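Quick heads-up: structures coming right below.
Here subunit A shows up in two complexes: once beside subunit B, once beside subunit C.
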Partner chain A sequence: MRLELRDVWHVYAPGNGFELPALRGVSLTVEDGEVLGVVGGTGSGKSTLVQHMNLLLAPTSGAVFVDGVDAGTLRKSELRRRVGLVFQFPEQGLFAPTVEEDVSYAPRQLGLAGDEVRGRVRGALESLDAAHLARRAPYTLSGGEKRRVAIAGVLAMSPEVLVLDEPTAGLDPVSRERLLELVTGLRSAGTSVVLVSHDLDEVAEVADRVCVLEEGRVRSIGDPAEVFYADPEVAPATVRVVAALGNICPGLGRPVRFGTTLQALRGLLEARG
Partner chain B sequence: MSHSLGQFYPVESPLHALDPRAKILATALLVLGLFLVDSVPGLVVVAAALATLVAVGRVPLRTFLRLLRPVAFLAALTALFQVLFSREGAVLVEWGVLQVHEGGLWLGFLLAVRILLLVSAAGLLTATTAPVALADGIEDLLSPLKKVQFPAHEVAMMMTIALRFIPTLQEEGRKIMRAQTARGADFDDGGLLRRGRAMIPVLVPLTVGAFRRADELAEAMESRGYRGGEGRTRYRELRFGFRDALALVLVALVLVAGVLV
Partner chain C sequence: MGVVGPNGGGKSTLVRLLNGLLKPDAGAARVYGRNPATEPFEVRRKVGMLFQNPDNGLVAPFVEDDVAFGLENLGVPREEMRVRVAQAMRAVGLSGYERREPHTLSGGEKQRVALAGILVLEPEVLILDEPTSMLDAAGRREVLEKVRYLRGEKTILHATHHLEELADADRVLVLNDGEVTADVTPDRLFANAGLLRENRLSLPPVLRLAADLGLPLHRTPEDLATEILAEIGDGAGVP
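Entry: the complex of A and B
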C-alpha cells in the first residue's frame, strides 16, 4: 500500500494562546514495501507526523491518501488496522493480566474468530522472539521484553504499514539489533515500515529512504546517501568518517551502511597495499 | 498544551501579581457569600464582576468558557433535579406524576448559576496563581493551625501536587487512549456498560503510571533535599500590600452589592 501526506499542517491548541504549529506543510509518501526512516531533533514533529498516518490526529489542513484514496473517507477502524502505529514507549499501554491476552486485544477488537486470534497472537509473538513470554504477566518482564510484547500487540493486526515511533529508545544493543532484524524481515514480507528514530546509525542500516524533519517541515527526503552526504553534520558515523576522509582518499564512493562503508575502506587500504 | 480546570495560565496581569493569600481569601469569601445572593440582579452583579476579573486576569474568555463545559453538565443535572422534585410554589406544568413548580424552577436556576459562578471563581484563582504561590498562600493561611499540630505545610504541598498533576494525568490519559485506539479500541460506541469496559485498557495503564510517577516524584524531591516544611525558606517571599487589601475589599463590596440588590 502507498501512503501519501499532502501539505499536512497540524496546529496544537488552536486559538487559546498556546497555539503551536507542530507541522507546517509536510508532504511525503511511504511507498509500497519500503522502509522510510524519519529523523529530526526533539520537538521537530516526528510523533505528531506519524499520528497522521492513521488519522489518530486529523490534519488542521492538508490530507492523507491511501492508495490514492482520501483516508478521511475510509472507515477509521479499517484505516487503523491497515496502518499499525506503535507509539513511543508502547509498553506503557500494556494492561492485560497476561502477555497473550494483551497481544490478542487488537485481533479481538477486529472481531476475528478464536482460532484466527490465537494464530495471530502466536505469529506476532514469534516475529518478536517473544513466544516464550506468552503466559507471563506483562509487569514482570524486563524493559526490552515489554517493548517487544507491545509491538507484537500492533503487529497482531497484520498491518500493511507498520509505523514505529522510536522503537529502540532505551534498549540495549542486542534488543536493538533484533528489532532492526524485525524491520528488514517485515520488508521482505512486503510490509512497509516507517521507522522514527534519533539513532542515525540504525536508520542508515535499514532505511530505503530517509526523511529529515525540522521545525515541522521536511528539510530533506530521499535516498539515504543523497540526504546524509548533503549534510554530513547530521549524518550517521559511517557518513561522517567517509566525508572526513573524502578529500585525502577519493574513490570511497558514498556508502551509508556499516557493512558497505567497511568494504569501501578495506578496498582502499588493500589497494594501497 | 490544552488548558483545563485547575491549570495555571502563565501570563502577566494585575491578578497574577496579587498576593496569593489575597486571592485565596477573596475566592473563599466569594464562595461563601454566593449562598447569600438569591436574586437575579445579585447574580448578575457577581457574574459581571467575575467576567471583569477574567478580563483583567488576561485569561482568554473562550478558554475560560471551555473549562466550564464539564461543570455545566453537573449544573444542568442539579437544576433538573430541583425542577422535577421540588414542590414549592404554584404548579406550572403537570404531566402524569411529573409536576414542575414555580419554586422548583427558580431553585434549579439559582443552584445552577451558583455552581457555575463558584467554579469560575475557583478556576480564576488557579488560572492566575502559580501552583507554588498557591501552596505558599494556603500554607500561610493555615499556619495558625500548626500550633495544634495541624500539618499545614504537608496539606498545602499535597494540594498543590494534586492540582499540578490533574492536567498531566489528563494528557497521559489522552495519550494512552490514542495508543489503544491504534490497537482498535473504540470509546464512542455501545451502551454505558460497553463503554465502561472499553476504558479498562486506559485506566489500568493510567493508574500504574500514576503510582510510578508518584514514586519518582517523591524520590526526586527527596534527592533534592525535601524534608517537609521545617526550616524551609522560600524563593519568593509573600508580601501582602495595599493592592491586596484593596482587592479583598473590592470583592467584599461586590458581594454586599450582590446580596442587597
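Entry: the complex of A and C
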C-alpha cells in the first residue's frame, strides 16, 4: 500500500488560548513495502503525524491518501485494519485476562472465523517471540514482554502498513534488537513500516528512507545517507564518526548502518595501519 | 551507582524496595538504619525517586506549585517554601519557569521539574528509574547534566538501559533474573564482552565500534575519529 500525506496541518485547540499548530504543512509518502524512519526532537510533531496515518486525528487542512484514494472517504474500520497503529507505551492498553485473549481482541472484531483468529494470534505472538506467554496474565509480564504482546495485538490484524511510535523506548538492548528484526522481517514479507524513534542509531539500522521533523515541518526526507551526511549533527553515531574523519578519508564512502561502517573503518585501518 | 540488566531483571523492583513502594516477601532493606517496608514515610524523606514518565507525576497548574507540592504536604512555612522552591528550580536550570504550565514544557523540561520537586525535599539519596528513556537527545543531555551536577552531594542510584549514561559511575550493579550477577566499575563492564552478553546488555554504538576495531573505548564519535586518525598515522587530528 502507498500512503500519502499532502500538505497536512494539524492545530490543537484552535481558537482558544492553548492553540498549538503541531503540524505545519507536512507532505510525505510511505511507499509500498518500505521502512520509513521518522525522527525529530520532542515536540517536533512525530506522534501527531503518525496519528494521521489512520485518521485517528483528522487534518485541520490537507489530506491523506491510500493508494491514491482520499482516506477520508474510506470506512474507518477498513482504514484502521489496513494501517495498524501502535502507540507509545502500548502496554498501557492491555486489558484482557490472558495474553491470548488480548491479542485476539482486534481480529475478533473483524468477524473472522475462530480458526482464523487463533492462527493469526499464534502467528503474531510467534513473530514477536511471545508464543510462550499466551496463557499468562498481562500484569505478570515484564515491561519488554508486555510491549511485545501489545504489538502482537496490532500485528494480528495483518495490517498493510504498521506504524510504530517509539516501540523500543524502555526496552533492553536484546529486546530492541529483536524488535528491529521484526521490522526487517515484516518488510521482507511486504508490509510497510513507519518507525518513529528518538534513537537515530536504530533508525539507521533499518530504515530505507528517513524523515526528519522539526517544529511540525519536514526538515529533510530521503535516503538515510543523503539525509544524515548532509546534517551530521542530527545523525547517528556511526555517521558522526565517519563525518568527523571527513575529507581526510574520502574512500570511506557514506556508510550508515553499523555493519557497513565497521567494515569501512576496518578496511581503512588495515590499509593504512 | 548504576543499575542495569534486561527487562524483567529486577531493576525497578529493587529500587522500589528502597523507598517502600514495594515490600520484600522475605529479607529486608535498610536505609540509614530504617526499614522502608515499615517506616516508608521516614525513609522517603531521605530517598527521592524520579520515574520514567514525568507526565504521570506533574499535577499542579503551574511549575512552581508542582515543585512545592511535597513541601506543602510536609507543612513547611510559606516563606521557607518560597526559598527552597527557588533553590531547587535554580539547581535544575529552570529559574524563570515558575509560572509556566507543565503541559507546555518539553520532555526534558518536565523531567527537570519532576527532579526539582524531589530536590526541594532535600533527600540524601536520589533514585532514578530510567529517567531519560522517554526523552530525545537534547532532553536526555539536559537531565543527565543536572544529575552529574548532583554527584558528590547525593548518593545516586541510576537504573538505565543506556550504558553510556553510566560511564562516570563509581559502580555498576548488574541485575538479571532477580539476582545480582555483577558489581563492577563501568570500565570493567564495558570491556567484558561475555558479561555484557550474558546479561543482555550491549554497548552503545560508538563504544561498540571502538571495541570491534580493537581500539580504546572512546565515548564520543569525535574522540574515536581522532583515535582512528592516530592509528593510520595521520597526526593532523580532527579539528
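As a working rule, the second predicted complex is superposed on the first by the 272 of 273 C-alpha atoms of A that agree within 3 Å, B and C clash if a C-alpha of one lies under 4 Å from a C-alpha of the other, contacts with A are read in each partner's own complex, and residues count from 1 in each chain.
Heads up, the rule we're going with is that a residue touches a chain if its C-beta (ideal position, glycine included) is under 8 Å from a C-beta of that chain, and two chains touch if they have at least 3 such contacts.
Worth saying up front: this structure is predicted, and the values here are computed from it rather than measured.
S.K.: I'd like to know which partner A:68 touches here: subunit B for first, subunit C for second, both or neither.
M.R.: In the superposition, A:68 touches no partner, neither subunit B nor subunit C.
S.K.: Counting only touches as set out at the top, which of subunit B and subunit C does A:244 meet: first, second, both, neither?
M.R.: The answer is second: A:244 touches subunit C but not subunit B.
S.K.: Given the superposition on chain A, which partner contacts more residues in subunit A: subunit B or subunit C?
M.R.: The partner with more contacted residues on subunit A is C.
S.K.: Which partner does A:154 contact after superposing on A: first (subunit B), second (subunit C), both, neither?
M.R.: It touches subunit B, and subunit C stays clear.
S.K.: Scan A:95 for contacts with subunit B and subunit C and give back first, second, both or neither.
M.R.: In the superposition, A:95 touches subunit B alone.
S.K.: I'd like to know which partner A:258 touches here: subunit B for first, subunit C for second, both or neither.
M.R.: second
S.K.: What part of subunit A is shared between its subunit B contacts and its subunit C contacts?
M.R.: Touching subunit B and subunit C on subunit A: no residues.
S.K.: Within their complex, state which residues of subunit A touch subunit B.
M.R.: Touch residues, subunit A against subunit B: 12-13, 15-18, 51, 54, 56-57, 77, 80-81, 84-87, 90, 92-96, 105-106, 109-110, 139, 153-154, 157.
S.K.: So in the complex, the part of subunit C that touches subunit A is made up of which residues?
M.R.: My answer: residues 5-9, 12, 52-53, 106-108, 130, 133-139, 161, 200-202, 204-206, 208-209, 212-213, 221-222, 224-226, 228-229, 231-234, 236, 238.
S.K.: Going by the contact rule at the top, pick out the subunit A residues touching subunit C in the complex.
M.R.: Residues of subunit A touching subunit C: 40-43, 89, 141-145, 166, 169-175, 177, 198, 200-201, 236-238, 240-246, 248-249, 258, 261-262, 265-266, 268-269, 272-273.
S.K.: Provide the residue numbers of subunit B that touch subunit A in the complex, in ascending order.
M.R.: Result: residues 1-3, 9, 11, 60, 62-63, 66, 175-176, 178-186, 200-202, 204-205, 208-209 of subunit B touch subunit A.
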